[in-house]
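First up is the structure itself, then whatever we jot down about it.
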Amino acid sequence: MGTPVLIDISSTLLLIAFLLYIVATICFVVTITGKKWSVEQGENPKKKWGKIGFLTTLVGFGCHLGFFFLRWIGQGHTPTSNMFEFMSVLSLTVILGFIIIHAIYRVASLGAFVLPVTVTLIGWASVFDTNPKPLIPALQSHWLTLHVTTVSIGEGIFAVGFAAGLMYVLRTVDQKKSSAQTFALEFFLFTVLILVGFIILSFLFSAIGYEVSFEYINERGEEQTITYTLPAIAGPHEGEQITAERMQPIISTPSWMQGVDAPRKFNTMIWSVLGGLVLYVGLRLLIRKRLGAAMQPWVMELKPSMLDEISYRAIAIAFPIFTLGGLIFAMIWAEQAWGRFWGWDPKEVWALITWLFYATYLHLRLSRGWHGAKSAWLAVIGFIIIMFNLVFVNLVIAGLHSYA
Amino acid sequence: MADKVKNKRFVLRVTVLVIIALALGGALISAFMNDDTPVRVGEPAPDFRLDNVEGDSVRLSDFEGQGVFINFWATWCGPCREEMPDIQAQYEVFKDQGVEVLAVNIAESELAASRFAERLNLTFPILLDHDRTVTKQFEVGDIPSSFFIGPEGNVVDKHTGILTEDQIKAYMEKIRP
Amino acid sequence: MEQIRCECGHENPYGTEICQSCGKPFDNKQDILNMRYEGVARRSQTYNKSLVDRIWNFFASVRVGMTMLFILLVASILGTIYPQQMYIPQTVEPLLYYEEQYGQLGYLYALLGFHNLYSSWWYITLLVLIGISITIASIDRFIPLYRSLKRQGVRRHPSFMSRQRIFGKSEVDHPEKVMHRVKAQLQKQRYRVREEDGALLGEKARFNRWGPYVVHVGLIILLIGALIRIMPGVTMEEYMWIRDGETVPVPGTDRQFYVKSEGFDLDVYDETSAEEWVPEEFRTEAVLYENVAEDKMGEPQLEEIKRQTIKVNQPLKHDTLKLYQSDFILNEFSEFSFHVKHKQSGDILGEVTVDLYQPQSQYDLGGGNKVELIEYYPDFELDENQQPATKSNIPNNPAFIFEVTTPHVPEGEHSWIFVGQKIEAPGNENQYELSISDVQFNNVSGLMVREERVLPIIYTGLGIAMIGLMMCYYWQHRRIWIQQEGNEIWLAAHTHKNWYGMQKEVVKLIESTELMNPSHLKISKDFLDKEE
């Protein structure tokens, strides 16, 4: 279906955008870390690198937009209907959020933390099935485009608030002694490394085309064949391996894990955690201090008050957009498609939870005691909730929205 | 002056709180206390009109002054098949004492219903609820389901599930005019 | 409950932090002034005596509101651990279902009522309490804030000025001239300017301050709509199955409306290539009628009011009544035709066509040949006594007993027909046989019937809330005070959000009017930077 040529071009554009974002990230990191450079005559080299980084980001954004529209034309509907498309659109709107906030505050170094979010999201998106799929009747509506893009724009700007919040935490945490905050920060960075580990492993094993299949009795008591794309550390409970010459499972999935394809998901989780552990421990051995402590000098030159304000401002700008897309458009569409504007579907509830969370955040900002570290942590948690809703609720908690 | 302000304030607060309390109380009570069934024991039964298997129109209100036993059934329902002969037997006893039986068949063909009645020698009217309107009106879920309407048109009792002949007799005595 | 008398002579109510006339702060500190709610006395802070006051103060507290919001948040999360009851099969016993699917935890979940969390009395009560909290907290803050901003003076007390985050002063030679220039420049920067004995107040986007209250009004309307919705009889949710060609009353409308299906159909994407087919479109060609008969229970008199193809995402709407494409059954048997054949000669006497929903009993083939349908089982099975019976009224597995009467067999002979097989009545050899000659199929369309009368309320609430949110976050209330203090001109500025933007505007103002050197401007470092 559609025009395969355009889809191919769009995929290439996404790859180019991905690479440009990596280049831009490096430029931004140079901006914030290269303080030892002497100021030569002419332009401040830091400013120059910031400018180069921002221009690279803009070019990347252009390619990314090209991906979006070519895929739209190529498949005949907006690329907003499966996990790959949701994530690549979100990665696009994160950059949009960065451009908006940059236009207000002109803090290029923010890019050093925002762009990795996009890079990770594009990488993550590519783990899912990237083939265009025909649109089922429930999704054939202009509201699909409106709802998903508006929500994404809101979430993209929330992501900028998250990045600034994270930078605030990195900047202000006292790394001289270990505390609950340093622990929480390390734990968060570890979680990010789990994700990175998952993406790298998925790519490695899909590059060599690894597959191993099992037969087992699934959660509905039916016989099922399940195919792993990662070597099986945990096989299905009382499962039988049907692909020869592959690693034998070391353990079996606990029988109480009952869900669609639970054994494979459990196995993937083990791999991801192991991958994250290897990365984390490796890095710790390499730099011999907390990751947070190693990153702290990067952000040392930034003013905490500026980061606090950017984080708050980004969330304040994003909140009405999220309300419009995630609640109002969602209700109008739900009314039109399902005959009820609100149905307590898990995805809807999680959108409400996200909304309530940020509403609480904005109210707490009224009192001065919640400025600074507390509010920065809330900005971080808020984005974790968004990612949870995007990934976990779609893939694990079944509901009307689980298309991916 | 301060007292005046204070009084005004007090009045405002009380007014706002009372309005909220009344509005919410009303809303919550009607939402949670209402059992939302249109056919309640002690209240008038909703009137309806259906065709019987002969094609004649029958209304519940035609039987004012008589006790009416409304039985919802279908040929595919085992317990319905089982209790029919007992209903017929009691009908023959109470027919002359002013009790009528209306057997409402749920969404089956006229042929299926009339053949069934012929086979069991049923002599009371068999009504056909093709589109389940009356079934929904009486909120019938499981069948057999029986409603007992007194001579004044009020629901005297209702019963879901199979009835024994003794029960049928007792109910009929209750609605006898 | 003493009134606070300011040195300017103004009587301020108890609890006031900043004089409502001249702006003198009543605390004797030197740090940056807390400008929240303009330092007015909030009602909740004033009295704390009677029960009424206590209830009022409870709901007016932001802390209480936030706590309730947090509980709501956590409760909502709990409700998504396992599917809610509305998403599990409707026929099963919930406690058993949850235990079977999710083990002990599932059982506990259902036992505690979490499977019906969002309609539980305590969840709704929580929503209601939040609604009350929003209402009272808004009244408590809005009225004094509105008065304060409405009545605010232009000339401020020196200590009010010097304790603003953006403050500057400089000596000038001709204060009047400078003030004149400043006024013009403020207007150029689109400030609304008020002047009062040598003092200027430039103000911008004051409506931004009403934003939160507009949002709250919208949310209250939304909550009221939601509350009305749970009252009986406000919404109607029904379901109907309709066969191709049928005209049936719309459930829930007391025979006011009838709908006819002129056929259900479905399209599939690229049938050949896909491993499993993906539907492209479901649609029912529907006609909506209104029954205009006086007596709704009597013979309906139908008048066509609308003709539309109902698709997913394109419901049929008539006033508040809506019909949605929801489900379908393809290829249900609708008609069977039989040839009646004389077995020996092979002559076909005629054809009998049986409508499987409303079968006739007599079929006249002419020439004295008759067929009677004696028994009909739409969904044939043998019951517990091994007697023929039907499982349902849907013709999934139709079975028939016919009696054929001809001049040759005036007493008639019986034949049994099941789908796919024939059995003759045992005992005697039949002369005639019936064989299926044609089968007709029907599609059945599942339509959802909805009437949502609160929809306008809900949308109004959402719209108002959205406008309020934009007022809150896309505009900022900015104020600049400029006044003569002897030979000096003092400048102070305040905003609630976006200090960065405020700062830029002040710098622009002083640079273009040469009011003072920007380095004279004291922009207080943020509290956070100080804390380091």
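First chain written, first letter: the chains are A, B and C, and each begins at residue 1.
Here is the rule we use: contacts are C-beta pairs under 8 Å (C-beta built on N, C-alpha and C of every residue); 3 or more make two chains touch, one makes a residue touch a chain.
Since the structure is predicted, the reported quantities are computational estimates derived from the model, not experimental observations.
Asker: How are the chains arranged in terms of who touches whom: line, ring, star, complete or other?
Answerer: Graph shape, chains as nodes and touching pairs as edges: a line.
Asker: With centres defined as the mean of C-alpha atoms, identify the chain lying farthest from chain A.
Answerer: Centre of mass proxy via C-alpha means gives B as farthest from chain A.
Asker: So the centre of each chain is just the mean of its C-alpha atoms; given that, what is the distance between chain B and chain C in Å?
Answerer: Each chain reduced to its C-alpha mean, chain B and chain C end up 34 Å apart.
Asker: Cα centroid separation between chain A and chain C, in whole Å?
Answerer: 27
Asker: Where the centres are mean C-alpha positions, what is the separation of chain A from chain B, in Å?
Answerer: Chain centres of chain A and chain B, defined by C-alpha means, are spaced 57 Å apart.
Asker: By the touch rule stated above, which residues of chain B touch at least two different other chains?
Answerer: Chain B, residues with two or more chain partners: not present.
Asker: Which bits of chain B are touching chain C when the two form their complex?
Answerer: Against chain C, chain B makes touches at 2, 5-6, 9-10, 13-14, 16-17, 20, 24, 27-28, 30-32, 34, 36, 47-49, 57, 59, 74-76, 78, 81, 106-112, 115, 131-133, 136.
Asker: Provide the residue numbers of chain C that touch chain B in the complex, in ascending order.
Answerer: So the residues of chain C in touch with chain B come to 1, 3, 13, 43, 46-47, 50, 52-53, 55-56, 121, 124-125, 128, 132, 135-136, 139, 227-228, 230-232, 248-249, 251-252, 255, 297-298, 357-361, 373-376, 378-379, 383-384, 389-393.
Asker: What residues of chain A sit close enough to touch chain C in their complex?
Answerer: For this pair, the touching residues of chain A are 1, 104-105, 133-134, 136-138, 140-141, 143, 172, 256, 258, 303-305, 308-309, 313, 316-317, 319-320, 323-324, 327-328, 331-332, 335-341, 343-346, 349-350, 352-353, 356-357, 359-360, 363-364, 366-368, 371-372, 393, 397-399.
Asker: In the complex, go through chain C and note every residue touching chain A.
Answerer: For chain C paired with chain A, touching residues are 34, 36, 62, 65-66, 69-70, 72-73, 76-77, 79-81, 83-84, 86-87, 101-103, 118, 237, 269-270, 278-282, 311-315, 322, 324-326, 448, 450, 452, 455, 458-459, 462, 465-466, 469-470, 472-474, 497-501, 525-529, 531-532.
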